[in-house]
Amino acid sequence: MNQLSLPSLKTVVDEVFREAGAIDAGNVTTYIPELARVDPALFALSVCDASGAMIDCGDTRHSFTLQSISKVLGYACVLECFDDETIMRHVGVEPTGEDFDSIIKLDRHKRPFNPMVNAGAIAVTDLLLTRFGAEAAERSLDFFARLIGKEKLSVDEAVLASEQRTSERNRAIAHLLRNFKILENPVEDVLALYFRHCAVEVTTCDLARLGMTLANGGCPPGGGDPVLCPETLRKLLSVTLTCGMYNYAGQWVFEVGFPAKSGVSGGLLGIVPGRYGIGVFSPRVDEKGSSPRGVRVQKRLSAKLNLHMFAPD
Amino acid sequence: MNQLSLPSLKTVVDEVFREAGAIDAGNVTTYIPELARVDPALFALSVCDASGAMIDCGDTRHSFTLQSISKVLGYACVLECFDDETIMRHVGVEPTGEDFDSIIKLDRHKRPFNPMVNAGAIAVTDLLLTRFGAEAAERSLDFFARLIGKEKLSVDEAVLASEQRTSERNRAIAHLLRNFKILENPVEDVLALYFRHCAVEVTTCDLARLGMTLANGGCPPGGGDPVLCPETLRKLLSVTLTCGMYNYAGQWVFEVGFPAKSGVSGGLLGIVPGRYGIGVFSPRVDEKGSSPRGVRVQKRLSAKLNLHMFAPD
Amino acid sequence: MNQLSLPSLKTVVDEVFREAGAIDAGNVTTYIPELARVDPALFALSVCDASGAMIDCGDTRHSFTLQSISKVLGYACVLECFDDETIMRHVGVEPTGEDFDSIIKLDRHKRPFNPMVNAGAIAVTDLLLTRFGAEAAERSLDFFARLIGKEKLSVDEAVLASEQRTSERNRAIAHLLRNFKILENPVEDVLALYFRHCAVEVTTCDLARLGMTLANGGCPPGGGDPVLCPETLRKLLSVTLTCGMYNYAGQWVFEVGFPAKSGVSGGLLGIVPGRYGIGVFSPRVDEKGSSPRGVRVQKRLSAKLNLHMFAPD
Amino acid sequence: MNQLSLPSLKTVVDEVFREAGAIDAGNVTTYIPELARVDPALFALSVCDASGAMIDCGDTRHSFTLQSISKVLGYACVLECFDDETIMRHVGVEPTGEDFDSIIKLDRHKRPFNPMVNAGAIAVTDLLLTRFGAEAAERSLDFFARLIGKEKLSVDEAVLASEQRTSERNRAIAHLLRNFKILENPVEDVLALYFRHCAVEVTTCDLARLGMTLANGGCPPGGGDPVLCPETLRKLLSVTLTCGMYNYAGQWVFEVGFPAKSGVSGGLLGIVPGRYGIGVFSPRVDEKGSSPRGVRVQKRLSAKLNLHMFAPD
């Protein structure tokens, strides 16, 4: 199909943003107490193209924490640092058909199904700790910053502290991973880094730039050298596509048709290969941990701009 | 990337065929007794492009039964006949993370996860029976023939009879679907049609043509009107991509990166959007029901011809 | 403890009956349509001692169908006819921790956990069919009659026909058992006999006599030769104790402390070794398939008459 | 049946001990490294009757750690300290049909099934910590000592330290219990007490005395005031009967027919109401965590001395 010119893209984006803003569903996450303090009415959308042109709607300057979107970045880092065989011993690439924090399958298979569920991301974090030791936090955040296209990332220390205090389920998962000899480092060290990644602050502009970088062969929008090797990108997009939306992943491919990743803080990252990076934020999330407004935005953009990977040209 | 010219494509295909022929793994399926009678040494590969040009290697004239590859065709037929909402009431679109004939998830969720597992394909078959009644077998086989590009399809009656006699597990699944009010028609009627679809005879050329048709916006290779509407195709390829290779689907997207479907008779259909249709046949299958030679062929073709959906250009 | 004299036993029984009659909970079973036609207000209690003395309260002449209580009788018959090893190949003796018609565990372990869940009772019925062939219905009902102390048992043909038509879940279980090579006979033959056993008509007096026979070393109340060998009795009471009340069995031993078996028609059989046989009937059952009034009656009788197996003397 | 006189009891016990000593099966537990250091050839049997008379065979002076047998004592303590309703909020009384350290059911039901599996015993330990605070270790060990009939119990500090270091799976379970709001105290505090209970040192004589006390209405063999109230005893024996042998419990009641509890150190406690207390020790255990020699001893004693609860007199 013929590319829409930027003005008309703006018209579509504005319209989709307005339409999705009418959705009144979902609740602010409360299991991490600090997340419960956010204004539920916040709503932002940014779309970035390969030239670096950015279309912004709503509260795009409000920053929020990455939460599970950090799983994409952590896995990218591991894919750059380790060979496939080593990674596969610690975490697979199969969708689970279960909730994001499921323990049942983990206990049966003794290896996390994929890096987009908590167990898998904890295993990924352990690999980073094994590789970088005391420098793991600094090194991984530098890597994340490079992907996002910022000098430096800040961490929401209040959210970090809140997660540290309350994440009994993640502790259970981590100890189970120790039991299965998946984790090499002490549970609290691994979780401290895992929660730090979750607590990285971003805006929808950051997500849109990140999405465009991943959509563009690893090259930052507007030009520059690739920040990821092609192999990493191929694997990363594959796993994000099949596992990124948890047990909604099949429906997501069916309806939207490009890789995306949601976080319980209400962020949603969309990656449209060769086309756009999309960042949405709305802190009200559904029982699967995705923002209804964010999901609607991505669905409508996919339909209106013909972004589905199997859409006819 | 620049298209390889057809002669060099032939070189690649020949090389991949020769290399995969060295694999000595898997066993002929025995749970359907009639399938056990096949010569395990048979091996064939056909690759078709949009022009209709076909590259053939090995026993490409040997016909075999579709088995689970028929699930793609049955679902296509249902997508053309029913609205999404009706279909979704009978079968979802999520990968299961379980074996192809799993009952556990079905019993918990009371609806088949997707149309590529047995439970889902049985639900799909029931919908066809509801729609076409006594003409369902004729109508669905006509539809299959149109997709494959043949006048008429034949059915291997010995295999059909063999499955009819031995498929206690599918009977269990079908009665459970009756229990959940998913099936409207009598179990034996539904299974008779389901087994008939599984027993349709094809060659690798047929699969390659079918694959190219699905890869080409529904248009038969060499030209002609589309046999499927674009919406059907988008949904069909999405579900085939995420669910077609069962609990190997994530690994498949990771490594191969285009939709494919395997059958326990040893057939394997590959669909490379905009590029190729691929048919492989080798009757020795692994414990997940896929042919190791077929899997290897698709992996190598993907790598050598850069067919992965997220491969750099 | 000193036995209560019969008059004071009657006082206790009357009081317990009156008290339990005040319970307003549970619903008449509807998944077997014919069972839904019963008067929900019916309520009966019979207690029999070793001398054959019977205390009756309420609608003790109303007959109802055995349903799952027949599982005790079928298993008794099998224990008399086969050696342990053969029986154990077809059905185990472990509580499941799952619902009475669970399929999950069956699919994992490929053998029914115990004869008190549907899968196990269907396997038991298959053994009877293997042993007695065309005479299985007559022979097993004669055996049941002998245990209950009647010349002949009648079958509620309307309930039988109703179950035959609607039991898709049991059909699924039976086909799965065929798939696992547990069943040797055709599914419909096995289910026909299984449903026939379920549809045997009894009164609470019959249950109380049956219970007393099992409580009395197999000797009919009032005297006579034992109708079961001691080994059968030991095994039968053991399995009834640990598995008879499904996933309420642990709670039952904890609170009541003697073997019992419930049926979805609302019957409840209590067996107090050396003391009493108890029959209760109230057609309103809870979500676990037991009658709340029946459960209350047994609990109160246990407490007031000190019937718990681990009660202090 | 008529009681065997003590001399002939000794003959039976000696014979059973000799016979069971011929069993060459099972392995010393290695997942707690310190347990792996034991001499696998050790074998001891003690049988105590109500008079306090004790029959000893083999290495009855060798002490070993209670491990899971401590679950009986911990639950007894909780039954004496809390009302049923409070206890039931923290731990149920149903057999699981799963392994002793299963997580699957816990995650589904969000409450441990019973106090004889690890999750349930950890919940029980938490209740003791809530009740006794800093004195919990001293108070509970004093209570254990009273039941066993000793002044004071010693703890194997090497085994305790070994468990502390290695029990990642129990940590996972405990954090999951925190996640479900079952545990009120910090995980490490609860586990420290739990492991301490597991590491209490006993001999087979101690187990036999303990068993006889529980078999004798809570009265120590040879006379003395009861150390448990009748209600506690009734509940404790019920749960030990239905859940004490894990997913072997049904088989145990079927074949042996009295309450028993095994530990991975190789100890096995048998409680024959009104008759005997039995202690066996053999450090080689099977995959279900029970000693094959211990199991054989209990089975043979049950058969030869007619100890099954449903045995004919």
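Chains: A, B, C and D, in written order; residue numbering restarts at 1 for each.
In this text, a contact is a pair of C-beta atoms (placed from the backbone, for glycine too) under 8 Å apart; a residue touches a chain by one contact, two chains touch by 3 or more.
The structure presented is a predicted model; accordingly, all values stated were derived computationally and were not measured.
Asker: Treat touching chains as neighbours: how many steps, at the fewest, connect subunit B to subunit D?
Answerer: Minimum number of steps from subunit B to subunit D: 2.
Asker: Using the average of all C-alpha atoms in each chain as its centre, how far is it in Å between subunit C and subunit D?
Answerer: Averaging C-alpha atoms per chain gives centres 32 Å apart.
Asker: Just curious, how far off is subunit D from subunit A if you go by their C-alpha centres, in Å?
Answerer: Roughly 48 Å separates the two chain centres.
Asker: Give me the residues of subunit C that touch two or more other chains.
Answerer: None at all.
Asker: Once the touch criterion is applied, which pairs of chains come out as touching?
Answerer: Touching chain pairs, listed by label, are A-B, A-D, B-C, C-D.
Asker: Spell out the residues on subunit B that touch subunit A in their complex, using ranges where they run on.
Answerer: It is residues 92-98, 105, 113-114, 217, 230, 233-235, 237-239, 241-243, 247-251, 253-254, 257, 273, 308-313 of subunit B that touch subunit A.
Asker: Note which residues of subunit C are touching subunit B in the complex, please.
Answerer: 102-104, 107-108, 168-169, 171-176, 178-179, 187
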